[in-house]
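In this document, chain identifiers A, B, C, D and E correspond to the written order of the chains, with residue numbering beginning at 1 in each.
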Amino acid sequence: MGDLLLQVVQGLSLGAVYAALALALVLVHRFNGIVNFAQGELAMLSTYVAWQLLEAGLPFWAALPITLAVSVSAGALVERVVIRRVEGGGELACVAVTVGLMVLVNAAAGLVWSFAVRSFPNPFPAVLSFGSAQSGFSALGVLGVVAVMMLTLHLFFRHTGAGLIMRAVVADPVAARLSGIRVGRVLSLGWGVAAGVGAVAGILVAPLLFLEPNMMGGVLVYAFAAAVLGGFHDPVTTVAAGLAIGVAETLAGTYVKFVGADLKVAVPLLVIVAVLSLRRGRAVVRGTG
Amino acid sequence: MSGVEVAGRTGHRRLAVGQVAGDRRRAWPWPRVTLAALAAAACLVPFLLEPYRVFQLTMVLVHGIALLGLNLLVGHGGRVSLGHGAFLAVGAYGSAIMTTSLGVPYPLTLPVCALLTFGAGLALGRPALRLSGPYLAVVTFAVAVVVPLVIKRFGTVTGGSMGLSTPVPAAPSWTGLADDQWLYLLVLAVAVAAFAVARNLVESRAGRALAAGRENPAAAEVLGVRLDSHRTLAFGWSAMYAGVAGTLYAWVVGFVSPDSFTVTLSIVLLAAVVVGGPGSLLGPLLGGVFITFVPAVAQRAGDAVPGIVSGVLIVVVVCFVPTGLAGLLRMAAGAVTRGTGRG
Amino acid sequence: MTLEIGGLTVRFGGVTALTEVDLTVRPGELVGLIGPNGAGKTTLFDCLTRRVEPAAGRMRFEGAGLEGTAPHEVAGRGIARTFQQLGLFSGLSVRENVMVGAHRHGRSGFGAAAIRPGRVRREERAIRRIADEALDRVGLLPLADHPAVHLPHGTLKRVEIARALAVRPRLLLLDEPISGLGHDEIADFARLVRDMHLTSDIMIIVVEHHMEFVMNLCERIVCLDSGRKIADGASGRVRRDPRVIDAYLGVVPWASPAGRP
Amino acid sequence: MGEPGGPAVTGPAGDGPSRRPPAGGAPVPRPPFLRVRNLRTGYGPARVLQGVDLEVEEGEMVAVLGQNGAGKTTLLRALSGLVRGRGSVGLRGTELLGRAPEEIARRGVGHVPEGRGVFAPLTVEENLRVGAHLRPGSELAEDMRHVLTCFPVLRAHLSQPAGSLSGGERQMLAIGRALMARPRLLLLDEPSRGLAPLATRRLFDVLRAISTHERVAMILVEQKTQLAAEFAARSLVMESGRLVTPGMAGPPGDPSTQGTRPWHGSPPGPGTWQGSGPPSTPDVWQGPGNPSTPDVWQGSGEVWQGPPSGGRSAPGRPRPWGRSHG
Amino acid sequence: RLTEEDDVLPAGACAGQQVTGISGDAIRVGGIYPLSGPASAYGLIASGARAYFGHVNEEGGVDGRKIEFVVRDDGYQPARAVEEARRLVELEEVFAIFQTVGTPSTAAVRDYADRRRVPQVFAATGASRWGTDWEHPWTIGYQPSYVAEARVYAQYLKETVPTATVAVLYQNDDFGRDLRDGFADAVRGSGVRIVAEQSYEVTDPGVQGQMANLAASGAEVLLSVTTPKFGAQALAVDAAVTSWNPLHIINSVAVAPAVMAGVDTGKVREIISAVYQKDAADPEWADDPAVAAYRASLRRYAPEADPAAQQAMFGWTAAQAFVQALKRMECPTREGLREAVRRLDEVSVDTLMPGITLSTGPGDGFPIESMMLARFAEGRWASFGEVVDTRAVFGPVRTAGSAG
């Protein structure tokens, strides 16, 4: 029983990290209507910034806000310089440009920081007793941070006019401009905030997975799964899905013998496919466009 | 009478050639001459260049074939697939297993693998194409992630992560060619056929219907286009192209392993379609050049540079030349023609 | 060989867009369909082209029910339409757009197209001929290779009409075909429609808010209001129908010929 | 830059500045509300506008007419910043050119574009709320009520996604959304397109009321020339990339003028719209000074006569349509 | 036909042998490394090797020949490795391919090297197949095979904890399987038992789940067959889970200074690994002239590389071994090199642990087969015990896939 609990706790802490990155994906999708394949790499970049600050001798809680500020502005900058140009250029352009960014950022990080594995300090107390199972990974701390982000976003989407503005921007950027919406700011803000959330995800994940330029590659797959389950829309469902995937993945390795460890990654992906094929509700848009 | 005159009369100002995708206006007045010259050059190349260059060009063609297929789906069908590396893997492994374990002569593996991947494409295409936009990208991405794992999982057949070595086809002695030259000519023949078929498809009723479904599904349907079957078939054909490319890849490289077909490959393929020019016929070839030469050339500048160069190139092309290198070429051709006072 | 619609009812959630609409159109008839905004005209077209599933009622075209027809089979039955908002394929050239319209005149699929035997080539030529004829009819042949984007609105509308003509329909549904057209073009278009109407047995239903156009062109006019048919008859009668005036026209267009030369 | 590029046009409301005393009593005459000087723009190599000059006063409604593809839409797009132009566009003295569309919108320019950009997935009510997002929240309810009285049709569809509206409803929503922002200058691209006659009339009534009571300046592109002529204070014609006053080249309705075929070829008479029937709203349908020329649309006969020839098509230019079907 | 363009010696004892890429004053050597992509951490090997070749050239080269080292990137993709190998051989006309990294790339290049008869020397992979594959004489490995390493651990356990229960965490590829299987073979018949196994994929984000599962077994020993990132994760989990405190054996591939620095090793019972080369980060070798030379050269020729990194040291040491082999060539030809690397006789290299030498011979294709155990304590690895010569203890390695 204790083993099961231990596994669940491990699964939750990993799942929380997936959820955090998934939240960033959801944000970009809601603000800009695109799926950002570079999200993981941007998060990785932010984590390196934090690492660099820590190396320079800053205390963790001082490095964190600086990192966030840098990430948010970097995200906004990327949007302004790159994404802006493909806005409305179709899905292929959007996918391609974020894929290009992914390749670029990964290589650049490798150039600057090399591909050596580095350890990253854990902001939370290392050991927590959790029932009969004891676990580090500060599972609770990670969960707490993710929960706070989720609630903030939830309230933001639900109870501010910003949600409406964002939907308008995604629906038709040109018409939104003509309504006086500063579309550029909304889009930049989306990328900025998403980069910030991604940075938090990176900082949470780095103590667990260790820091290296390819750190987020694996996480991204699971984050996609979580975001898809959340319909790229709702923060609460997304986080729930992320946690569920984390736990399911951990348990599947043990309890589903056929799956085994090799094909474990296939589990969330099968879930994506299943969910997507079940949910095929079409938007009620008439006309021909 | 010239179009310009009409344009003037009806108040139309004409777009410059190459500015939008799908522009079929002729920009180059000497297509036949150019084509003949190109064909001659392509056939002469193996006898003029060093074997390594021949090999590189062979790889360009192999990638070009895969991209032709992906372009059929992405450029013409308007559906984003991040999973075509998986079909490449199926083709390559199919050929490798057939030649090594079953002793099938290598030329036979080509049609068999083509059929195999066509079937796989249809099977995957049916459910996948119901998904819209980014979801399809995510699902195909998932496929690309899973396939190498599946290959490893069935190690008894596939050689697991160690991969499989396959014999490189030797030139028949009557030809008097070196193996490299033979392979090049073989791949060239397949590529030409693939190109011709792709052109035929695109300029056929089915190809137009596919593009129509991309641009405006509702209108296409009203005009009698069966969207589902067209899209599924397009997926099948594009998978088949990838499978053929995979088979040729196994011949040329002589070794297959799961590490050759990671997600990165799928991503690079998609990027190459975009860089080459989605929806054009020349694009895939330019994309093949991009895949093959950018890493090789950019390495000279430094270790991590290839990644940076490819990334920057993708971003720049998408942002500034949405019609890709092929569009750029068309615009240049248009400029040349105008410069020489024709057209 | 007629189009018969009986008791057609369409609901969207709680909204009833069409209520028990009956309509019969005979070959060679040119019917104007009018009605206030939101009356259900486009919805009626959507039903006929199987884009909307009616809640009740039947639709028969040339003796066979339309209900079981899949959306992509509608063109094959000889029905073509244009869209109220432009529905062009903007990534294709003007000619290709129209060639997609002639889609139903071919049979070859991917397999045949790939190897392109003589049969396919002949078919392609036939389709191209049909398309070029249609383009010629609307005077767009010189622009055939231009991409169907960034052309003036009126030109694009003509492309769409050419595309519908390329279907060679027996029932042509035109949804506001002249909106956004200049006056000349309206006249030219009217001539085109009239010509088609006079020279063939094609049934045409035109939705338009341009009263002169409709009244002059169509002998028969049907008026919908809030999903119900409120008038159906000769144009002269319908335009004096008080219900039509009330709901739609506001005033009677040239009700009295007295002041005319 | 000089103005040889085109005739400087001063409309009937050109003396507008005198209506209000200049602020601070300075002797400098107030600049017109909107002043466009030598506006040039195009797409890539294609030059569309080649030096447009235009002045519009507050509360004035100016109609822009012109041939298909003449660049009317482009003019509006340039004014609202959707395409980049050169020259100058001054709104109450501030230069608009070079500003982003959203900034221009925030300066009180509303644009109802040709493509009817409604936010398809949003409901009608949400669309309207987006339109009013710059306005104080306290006035939202009132503005909403106002717009819904202008377009009562929308009331029944408030919670319906805008994408599922009928064409005309969408059109009204687009205009309604622009009104929600209480613009000072309203750019309307064929507002009557797709509207039923009654709705068209109501729309123009509304526009007139807004322009006179709230002193909103309007530039409207119309194909229905006579309608425009009746409501607008002035009508201008877009011709080879410039705006010309039809009166200068020849009086409206005079078919003798060459080269402006859509305008002059159109039946300027309101008789087509308004018979001698119920003279309920003669002011609406009959612009002052517009002689009725009801010969164009013969309501009685079934023969399509078409507009009088000569003015419509310049000699030697084949008409694109219906040539073989005389 | 293939060698028609290659230069061959016309006469003498070595007549007919290939001399492409070697001249009186220079040798061109090519290397293929994953400088980009997922395994790019191994790119550091190239830096180490480059530094050593620079060092050698400075001292006059090998028998008067300067070494030109051409490095190409394969991104850890076998197909690109083949492409780059062809480039090196056909375009750059190198004398030999010194090092390919990783089993897949090495396997992909092997057939080509065989066809072209180009030596593919000291491939950086511990797969046991290189040493037992007599069909491809042109390819040879370098480091102790994974099987050998597994034997060292097995031997240690058999001696110290004869009834140990072992949990194995391994990477699901040839590397992980080779080591795991070697270990299972070596403990067969003894009291040491494997009670739990978990594998992970290189693409997995982390091994937390696997570790939780292994913890459930309560095994006394954890054998972590991992690469640095995952090894570090496993250590971190071990440190954090207080309810399970196994003896933590971490294979040599996973050991990296940055990794060890970040782990709260005080919470892990005991960390053991096997070593065969000197650790530049270890104060024990601070005054060692060999290590000092390494540091100095690295700073000079590959300033971007961290001297403490194992990989750099690995490259340096392997390059040194390569130079030794070059010196031992009887004919200055490709064939001569092939013979030389297959006839190493207790060749010593100064950055290997004292007592460890390179030997090959007929029936022995493994240059290094001895290792030492080391324990991690107080921030450094301290070797202990004797050098274990696995060939002497267990006999020659036999792998299922090999022909010999």
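Here is the rule we go by: a contact is a pair of C-beta atoms (placed from the backbone, for glycine too) under 8 Å apart; a residue touches a chain by one contact, two chains touch by 3 or more.
Keep in mind that what you see is a predicted model, and the values were worked out from it rather than measured.
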Most distant chain from subunit C by Cα centroid: E
Most widely separated chain from subunit D, with each centre as the mean of CA atoms: E
Centroid distance [mean C-alpha coordinates] between subunit B and subunit A, Å: 32
Separation of subunit B from subunit D, taking each centre as the mean of its C-alpha atoms, in whole Å: 49
Geometric centre distance via CA averages, subunit E-subunit A, whole Å: 37
Averaged-CA centre spacing for the pair subunit D and subunit C, given as whole angstrom: 28
Multi-chain contact residues (two or more partners), subunit A: 107, 110, 221, 260, 262, 265, 286-289
Shared interface positions of subunit B, touching two or more other chains: 10-12, 14-15, 145, 149, 152, 216, 218-219, 303-304, 306-307
Sequence positions of subunit E contacting 2 or more other chains: 36, 38, 40, 43, 172, 201, 203
Residue ranges of subunit B in contact with subunit E within the complex: 50-53, 55-56, 59, 145, 149, 152, 160-163, 165, 168, 178, 249, 253-260, 262-265, 295-296, 299, 303-304, 306-307
Subunit B contact footprint on subunit C (complex, rising order): 49, 51, 71-76, 80-81, 83, 87-93, 96-97, 99-101, 103-104, 106, 108-110, 113-116, 120, 123-124, 127, 142-143, 145-147, 149-152, 155, 163, 167
Interface residues, subunit A side, partner subunit B - complex: 29, 34-35, 37, 82, 85-86, 89-93, 95-97, 99-108, 110-111, 221, 224-225, 228, 232, 260, 262-263, 265-266, 269, 272-273, 276-277, 280, 287-289
Contact footprint of subunit A on subunit B as seen in their complex: 74, 78, 80, 82, 127, 130-131, 133-135, 137-139, 141-143, 145-146, 149-150, 152-153, 216, 218-219, 267, 270-271, 274, 278, 302-308, 310-315, 318-320, 322
Residues on subunit A engaged by subunit D in the complex (per definition of touch): 161, 164-165, 167-168, 171-172, 174-184, 283-287
